[in-house]
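Letters are used for the chains, namely A, B, C, D and E, taken in the order the chains are written, and counting of residues starts over at 1 for each.
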Amino acid sequence: MIKDHQTAVLEVDRLVTEFPTPKGTIRAVNDVSFQLHQGETLALVGESGCGKSVTALSIMGLLAHPGRISSGTIRYGKDDLLGYSTSQMRKIRGNKISMIFQEPMTSLNPVFRIKDQMMEVILEHQDLSSKAAFDRAVELLGMVGIPSPEKRIMDFPHHLSGGMRQRVMIAMALTSPDPGILIADEPTTALDVTIQAQILQLIRKLQEKNGMSLLLITHDMGVVAKMADRVAVMYAGKKIEEADVIECFENPCHPYTRGLLNSIPSNKKYKGANRLEAIQGFVPNLLELGKGCPFTNRCTVAMDICQAAFPSQAQIIEGHHVCCHAVNPTDADKGGRP
Amino acid sequence: MIKYITKRLILLIPTLFGVVTIVFFMMSLAPGDPARLALGAHATPEAVEAMRHELGLDRPLHIQYLNYLKQVAVFDFGKSIKTGEPVLYELLSRFPATIELSVVSIIISTILGILAGIISATRQNSMIDFGAMFAALVGVSMPVFWLALILIMVFSVGLNLFPTGGRINIRLFMDPLTQFYLLDAIVYIFREGDFSYFLSALKHIILPAVALATIPLAVIARVTRSSMLEVVRQDYIRTARAKGLSERTVIYKHALRNALLPVITIIGIEFGYNLAGAVLTEEIFSWPGIGRWLYSAVTARDIPAVQGGVILIAVVFVLVNLAVDIFYAYINPKIRY
Amino acid sequence: MNPSLVSVKHLKKYFTVKSDTLWGKKSILKAVDDVSFDLYACETLGVVGESGCGKSTVGKTMLRLHERTDGSVWYKERDIYSLDRHELKQVRRQMQMIFQDPFSSLNPRKQVRDIVAQPLRIFNQGTRQEIQDKVDHLLEEVGLNPKFKTRYPHQFSGGQRQRIGIARAIALEPELIICDESVSALDVSIQAQVLNLLLELQEKYRLTYMFIAHDLSVVEFISTRIMVMYLGKIVEQAPKDTLVDNHLHPYTASLFKASPDIDPRNRNDEVLLPGDVPSPLDPPSGCYFHPRCPRCMEVCTHTYPETREVAPGHWVACHLY
Amino acid sequence: QKTLVYGKSQAAIALDPGVVDEGGSSIVVSQIFDSLLAYEPGGTKVIPALAEKYEISADGKEITFFLRKGVKFHDGTDMDADAVVFSLARQQFKDHPYNQYGPWKYWDTSGFKDMFKKDGSLKKKGIIKDIVKTDDHTVKVLLNKADAAIMVNFTLYFTSIVSPTAVKKYGADFRKNPVGTGAFKFVKWVKDDHVLLKKNKAYWGEKAKVDNLVFKVFPDATARSMALIKGEVDIIEPPDADNLKELEKNPRVKIMSKEGLTMGYICMNVERKPFDNKLVRQAVNHAIDKNEIIQAVYGKLGSAATMPLPPSLWGFNKNIAPYTYDPGKAKELLAKAGHADGFEVDLFALPVSRPYNPNGKKVGEIMQAQLKKVGINAKIVTYDIGTYWDKVDAGEFDMCMTGWSGEPDPNDWLHRLFTAGYLNSARWKNDVYTDLVTRARSISNVAQRTGLYEKAQEIIHEEAPIVMLAYGVLTAPMRDNVEGHIIYPSSKLVLRHISLK
Amino acid sequence: MPFNPENTLWYDHWLQLKQNRSALLGLAIIGAFVVVAFLAPVLATHDPLVQNVSLRLSKPFENGYLLGSDDFGRDIFSRILYGARISLVIGAIAIGISLTVGTALGLISGFYGGTLDVLIMGLVDVMLAFPYILLAIVIVSILGPSLNNAMIAIGIVGIPRFARIIRAQVLAEKENDYVMVERSLGTSDLELMMVSILPNCMAPIIVQVTLGYAGAILSSAALSFLGLGTQPPTPEWGLMLASAKQFVASAWWVVTFPGVAILLSVLGFNLFGDGLRDILDPRLKD
């Protein structure tokens, strides 16, 4: 299949997700918009707690109590997923939009055999006999590189290693003959480097094979560089920059994105250096955010305006957007979107 | 599996040895002279003296202990001072009554408790949840003996729905084959088509079983609920939802299977407590079981009976818990063997 | 080269573990299996390897936080395992450790000032007031505002907590600090801050680091020498540049290949290391790496290779060399 | 098929009449076995039973029983001299082959047989020397010394005649399979729950009027009386006074009662201060309001006692004015005795329910409050019943509750309870008194004896070693369709008289 | 710098507690219970020990008895008020015994491990082999029935629970790197146990104390009910029920009110303990 980077299969628009807590309401996702195109890989990066997982769960409609989507739309094809009924949503999940999670060790149900867990999805979404479903499950396990799948399928999850479990998770996410979207939430962070490389390679191969779109959530710029077509950078619940992957690495516009790249020790520029260019300060508490740009307190180019208002989105080149007063000093006057 | 069970049984030996030792020395410390008790109110001092000799109470304590160990090793727990019967026989003859009562009450509490727990968990923070959990908390806070009295006051005296005590209407002259009256009464249904035996046995067991079921019911409901809530938070439940399964399947298949694992342990423990700790309930409902027997042995200071009874009950209790452990291991795929 | 500060000779650490089967059979887990290396003053020795390969155990056994199974650890001509309690205390003063999880390594019920003051107090470093002044100084040193010293660890972010741990570690001005995955749990931006801090402190106090991590890029950046471990054994050991440019062991090569490059233009789809990391409870015969090794030979399946010095300071354990 | 269900408080523990010593078993045993002699129904006169008559030799050392002929045990074997000798000898002789199935509590403690020391030497000679068969229907009991009081024992259940065949057959299990000659046969026993008996159609005497007799256990008095109200049982052992009041209100229940030969009293340990002082003892007698205790605890189960023997018994001195409840007087006496500020004592509360004291703890609580009013601080102490008697008999108490269910002879009360011996719990000794009651024992003239006993009572009243509390009233609550029940003053329960309407 | 309570972990817990309705209800009940216990002499309408046999078994509001009188004509209301004192004391002492002994055993056992651990836990296992109430009954029957002995028995019976909970907590806590760090600094065992580890075990201890308090009240009532605990005429609730048994058919108030008192006080502690557990120790849920 070909990548069609023009058709948006998923369109998140001005999504706001909140968690009311005793100490106040946390806006985990604050006015985030992005599009995922047919067949492409969009990487969502950002520091821990910036709202990546919550964004993904919002899309799947799987927010944990007490989380709620307070505004925005999530368009899948022509429909707004937020308007879907539970049963409509169920038809999408695991079928059109699948998700795999960070912790392969705990993401499989310990009391069911792999067989049952795999066949369950197949039978749920496809009109197959259980024999056919079983065969399909074995086939899928083979496809994700599990040796002697017909034997392994009878195992319980605890019989498998972490890497194998993650493969099972991937196989389970790809049961549909026509998987539309795969959301992978830090699929390799819990794994060893060598295993991580295997899994990433596997995902890439599968994506090439069946042309699905991948929303890859990660905090590892290395993974982004290796996997992504486009990158959206989040900071404290806000999307602050979005660009084509090469553009993002070569011409990062937001001071945070630049800092992030500079913080990586394997950055070529550190050959022989003995200091990193680190971002100073710490990620702000989501409860104590003001109206302004959340990065202000760590920013080297902060201005007065940064305290007062969150910058609107500016376009650098086609497909490269950034939200920063320093990049787009005039937009405060316009008082809205460019 | 056999190997595991054997190993667990072997591991029991030190515990049981400890039990026997503790019980023996505790009871030797107890005031009250078994010889005196054996002879009754106005026994002459000479007769008491002779009796002490006969019972071996005039020998040094460590000799008594060694003798006792020797006896216990061959399941000889001595004879009850009060009745002169072997303690083991006395206990076993009361055991069916207690088992029947415990089983009925644990069935009641398991069914209702799990149901209440699931309903509460699936409607977390709703009025139903709040109400059920408050009720469960009241249940665990309930002085059982008081509840028993209130049950009698309301259902037996006030509404005259149930008898006040006993196991069956005595005038029916039922022939107990198994000593489990409900089962025996079923025989009458098949043999003679006579339901009155069964109904009577049922009517007799309901109030005590309900009283005895309160705490296990409340505990099971609470454990089921919290276990369920815990499980629902797990990653694999999120996975199940992400697969597009219906909420029903997610809860009743994926969550419940996992959530019930700890509940089984609790049911076992509560069953063990019921078997051994139904003293108050049996006392109030004149239920001829081991709790009541042991209590009267304690108050009468029938020392061999108390020693033997406590040891045997501890053994039963430990074995029930062991059985539950083994069952748990057996049904839990997370444990390999 | 600087003189050797710590010399580890044939160190072994075996754990007896109950397997998690119902039978509870006991088996031997060779967490560290015959490991020898030297730590030279003022250097940073990086230790990399996959999870469970025994990196932390080496660190802990060096400090005698675990008792060894066999071998010796020499600190300035003295075998740590022959010291009595009191002498050991004095030696440990010179060797500190910083752990991965910045939460579990700080007592949550103690105020920051008590945490940092504890080593000073135990080693009687002055009066209460002096100790408090020292604490203020230490906190400033690691970039924390001393006015937060009455706070509790949970009121700090991960990076700040790691700084508290560092402050405690340098309180007694040790010679050696073992950093066990000290930056792994941190976000990159924070990780960079902490790495900078460690480098600063090293320069200032002439510290020696043993830097344990599984992230090759971090080790590569901070170390002067790198040691690669696989299943409790050292497979390769060399000065950083040698290792980066001229690594010999196939496992080292795979590690380098697997750790992603941050250049999106450079997406090569080379063949990766297949298979899973074997369990240390049941290591493969011969060279532990042979089932996954792309260059496996017959000899590898039955004989563990000897460690050879192929170039000055470059040790490798592989039949190929 | 008529079934009589009797609700009792204690479970039976053994059904061999020789080993029984408590109410739970004895009332069952009494229906299954007969003794050689019996009391007349409802009275205290001794009448023949399995022995048609008896003779006592002139020196009083030989009792000859002439047995009733044609009496059969429930197992069909004959009741004959062999059976009688067997029944008694197994309790008497250590070397009897069936002696091992004891302990023969009552026999052992009645002083019938010789007692030996640990080293085997004789400690105390027993009353009975030997039991011999003269012919098939005649048995002689030979005594070591004359004792007229022994005859009463042959009415009691522990001298019941058991089937030797059955004893030999069951051995140790005879106590679970009793075979006697009584009006009811043993059928089944479910421990702690009930015992089922059925009518002995071949009974030698007045045959039972119901077909089945069930003894059902209700340890709790309230449960027992509720079972009666609901008709689950026909007749019950008396419950608490308060339950009785409830029962009285119920139209389907009737309550029979009769004064029994039983009384409850409080002993003051005269060997201890301050009860060595007569004035203090009298003060306590004035300080205790028996009526309040009876109202709160005994109810219909007792009446206020004045003298240490029941008023229905001959020899009772009607002329002595009982101590009145008068706290003022009590205080006065205490002041006179030098205890104006009061003192502290231990009050032993009887831990079990007895016909003469249904609830020792309650009695104790009330007494405690009453004594407090005159400045005496009583601390209620209680033990298990065994320890309780141990301590009481050893004199390790200040005040204790006790009581007596005696025989219809003043000697059994005035001599037995207040002269040297372990039953003299107050440990009171008075030579004049002892002389009076010992003299009365050896005389057979009732009028003469009466005079002596009345004098003795004056002394005991003045000396006041005890506080008389209550005479027990024997009560039998039953359904209104229960007819013909007879209460025996000696507390023996005989159910064969009952018929059901 | 002055100590600021807002900094401590406890402050967070307090914030959470304020949100927990049932825990607050429990706290309120416990508060009321304590107030009643302290003010019993002020609130009582009668002397709890004074008998008036002629007015025995008066109905509520009859003859000036708010909740009626018992079979000695004592005021039930006043007796219940004074009963709160007894229960409060019983709970405190019994828990005190279980807490100190149990904590010491659990701490030593968990901290040192090895043979000591095997021995202590063996003992604990043996104690746990006896069902709770049975062990209490046997202990009291040996020591003799009295208030003090009942407290001791309940205290002893509670030891294994504390020992186990604390051992488990110590074992978990020992895994934390800070223990290893502090040990590597040369901290003494005693300091490690008492200063470093024990405070981190407080959460389950506090929860267990609250729940154990409820259990102690209940057990002491049960023992008294069986005649093995407090002795008359002490106004203990279980004891009041014991003598009220016979009035189930005739005088409901004698049976009802002491039971309600037990239920309420136990419920108070359970509600509070439950809430505390949710807050302090979410892992420990039943």
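Heads up, the rule we're going with is that contacts are C-beta pairs under 8 Å (C-beta built on N, C-alpha and C of every residue); 3 or more make two chains touch, one makes a residue touch a chain.
All figures in this text were calculated on a predicted structure; none of them were measured in a lab.
Between the contact lists of chain B and chain C, the overlap consists of A, E. Counting C-beta pairs in contact across A-E and across A-C shows that the higher total falls to A-C. Centre-to-centre spacing of chain C and chain E amounts to 49 Å, using the average Cα coordinate of each chain.
One inter-chain figure worth recording: chain D and chain E are separated by 45 Å, centre to centre, where each centre is the mean of the chain's CA atoms.
If each chain is reduced to the centroid of its CA atoms, chain C and chain D end up 88 Å from each other.
Distance from the chain A centre to the chain B centre is 54 Å, each centre being the mean of its Cα atoms.
Among the residues of chain C, none is in touch with two or more other chains. The multi-chain contact residues of chain E, meaning those touching 2 or more other chains, are 141, 144, 245, 248-249.
Of all the residues in chain E, the ones that touch chain B in their complex are 22, 122-123, 125-127, 129-134, 137-139, 141-142, 144, 214, 218, 221-222, 225-227, 238, 241, 244-245, 248-249, 252, 255-256, 258-259, 262-263, 266-267, 270-271, 274, 285-286. Those residues of chain D that touch chain B in the shared complex are 3, 5, 11, 13-14, 19, 21-22, 103, 105, 108-109, 111, 115-116, 118, 123-124, 172, 175-176, 190-194, 196, 212, 214, 216-220, 223, 226-227, 230, 232, 383-387, 389-390, 393, 422-423. Of all residues in chain A, those touching chain B in their complex are 60, 62, 64-65, 86-87, 89-95, 98-99, 101, 103, 106-112, 120-121, 124-125, 156, 158, 169, 172.
Residues 15-16, 19 of chain E are the ones touching chain A in the complex. Residue ranges on chain C touching chain A, taken from their complex, read 50-51, 157-160, 187-193, 195-196, 199, 214-218, 220-222, 254-255, 257-267, 269, 272-274, 276-277.
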